[in-house]
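Going by the order they are written in, the chains are A, B, C and D; count residues from 1 in each one.
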Amino acid sequence: MRGRVQASFDRQAMMATLGAELVSVEPGRVEVALRHDARFTQQHGFLHAGAVAAVLDSACGYAAFSVMPPNAAVLTVSYAINLLAPAAGKQFRMTGTVTRAGRTIVVCRGDAFADTATTPFAIMQATLTAVYDRPGIKH
Amino acid sequence: MRGRVQASFDRQAMMATLGAELVSVEPGRVEVALRHDARFTQQHGFLHAGAVAAVLDSACGYAAFSVMPPNAAVLTVSYAINLLAPAAGKQFRMTGTVTRAGRTIVVCRGDAFADTATTPFAIMQATLTAVYDRPGIKH
Amino acid sequence: MRGRVQASFDRQAMMATLGAELVSVEPGRVEVALRHDARFTQQHGFLHAGAVAAVLDSACGYAAFSVMPPNAAVLTVSYAINLLAPAAGKQFRMTGTVTRAGRTIVVCRGDAFADTATTPFAIMQATLTAVYDRPGIKH
Amino acid sequence: MRGRVQASFDRQAMMATLGAELVSVEPGRVEVALRHDARFTQQHGFLHAGAVAAVLDSACGYAAFSVMPPNAAVLTVSYAINLLAPAAGKQFRMTGTVTRAGRTIVVCRGDAFADTATTPFAIMQATLTAVYDRPGIKH
């Protein structure tokens, strides 16, 4: 399972471009690391919510993927994100955790932390779906 | 107002890095263009939802900003995004439209279209807030 | 299709208890009416967001149902709601409109209006799913 | 603080009509109980998501209220809810927990459990705001 997650993560050019790295993969829980990067900031100099959301979405997506059958691919149906504070820091940790896995729908919660903080600066509630044998959608 | 929006947009390194361009700014409505870029794809080769969300968030944010007082800065509180279909196309248009502007909270809807499509492939419901005189937050 | 929608609506005790009435059903668009009722108010005397959300959810759900195959049942996967202003008024109209219908997932937008207002006081973005042959889930 | 929460909860006719009861109030965490009631069911006989959402919204709202200054009133700005499974059971527990409290915006997570289950059947991510001296808005 960890191999499938890592291989899929490695196919996401967006994650490589952002410099995101898969830190840990447990069944139902994934952590991704991200560094501050001046290329991905918003108008106030903080990391753009789009970068934060992209990595949180990946953390949630792979948490869901980690509990799906080997022949499933994962797609994000929707998510809600709250930006609780600016993404102020040098290093960020994004976690995705499965809340409940249904037959095709998996729901995850994501948390984004800056540096050594234990209170998240952004949280996500994500709805993922397993897809099978859909043309153009690899695992 | 258009000058303030353009100047703030130009300070978002994330938008420049993604290659996003401000297409039009009306009071309460903003359109941003984005091209497919292999650097920002997900594992299936489509534009990553994170890139889509970042640009939709900007379109909504500047739509809100366009109806705020000149001394306000805008922050995204939260948004919900639905990814209705893969971001398959060469050129994308993201629109943000103010639904209702309150005293500090402004709510917008965003729509993302691929090429010549008239049905969106992603939609957003975003909550923005006006902030005043907050250290480190420029307009 | 209208008969199926009305029959399913009539089986929702919650709608009868709230006094909600199906006003119109078009393919992909449903409108439901609701009156102010002191039994369903919040601490400030306005209609409770829970009543508003329940009826918006139904309007979206039946809009989705209206474009599904006859043997499908509809379930709400998730929704995001923004409460833009108090539900101040005597009579409320809630509309649900299909944004895009996929193979199993249908996404709708909902709008809630008070009396003669044309700006909504609440909006919803809802994710519905078609289910087939699931025990205990009738159409 | 507990007295303010209980007094405000008691002014919500919707909670009384639903039969919801405040079970516990800690700073930043509130639990509300609800029983199955045939008046508030959906077309499949389960408790309607609107009833679940109304009580989860209250649990989140009072969790936020519990960490606000005594002269603040609380309003729900928005929430996202995922319905992970039908509300099947006799007795339900809804918890609201503050994730982060800012100057005016407070973000909470809500969880709804049926009977003795430890996995939620519905989860919420809610954005609340403190309001002061607004006409018609009591604490």
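By definition in this document, contacts are C-beta pairs under 8 Å (C-beta built on N, C-alpha and C of every residue); 3 or more make two chains touch, one makes a residue touch a chain.
Only a predicted model underlies this, so the values are computations on that prediction, with no experimental measurement involved.
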Report which of A-C and C-D is connected by more C-beta pairs in contact. C-D
Rounded to the nearest Å, the gap separating the Cα centres of chain A and chain C is 31
Chain-centre distance (mean CA atoms) for chain B and chain C, in whole Å, is 28
Express in whole angstrom the distance between the two chain centres, defined as the mean CA positions of chain C and chain D. 20
Considering chain C alone, which of its residues make contact with at least two other chains? 77-78, 80, 82, 105, 107, 125, 127
Can you tell me, using the touch rule above, whether these chains form a line, ring, star, complete graph or other shape? complete
In their complex, what parts of chain D are in touch with chain C? 8-9, 11-14, 17-18, 38-45, 48-51, 53-55, 57-58, 73, 75-83, 86, 136-138
Touching residues (chain side chain D, partner chain A) in the complex: 80, 82, 84-85, 99-100, 102, 105, 107, 109, 119-121, 123-125, 127
Quick one: which bits of chain C touch chain A in the complex? Just the residue numbers, please. 77-78, 80, 104-105, 107, 125, 127, 129
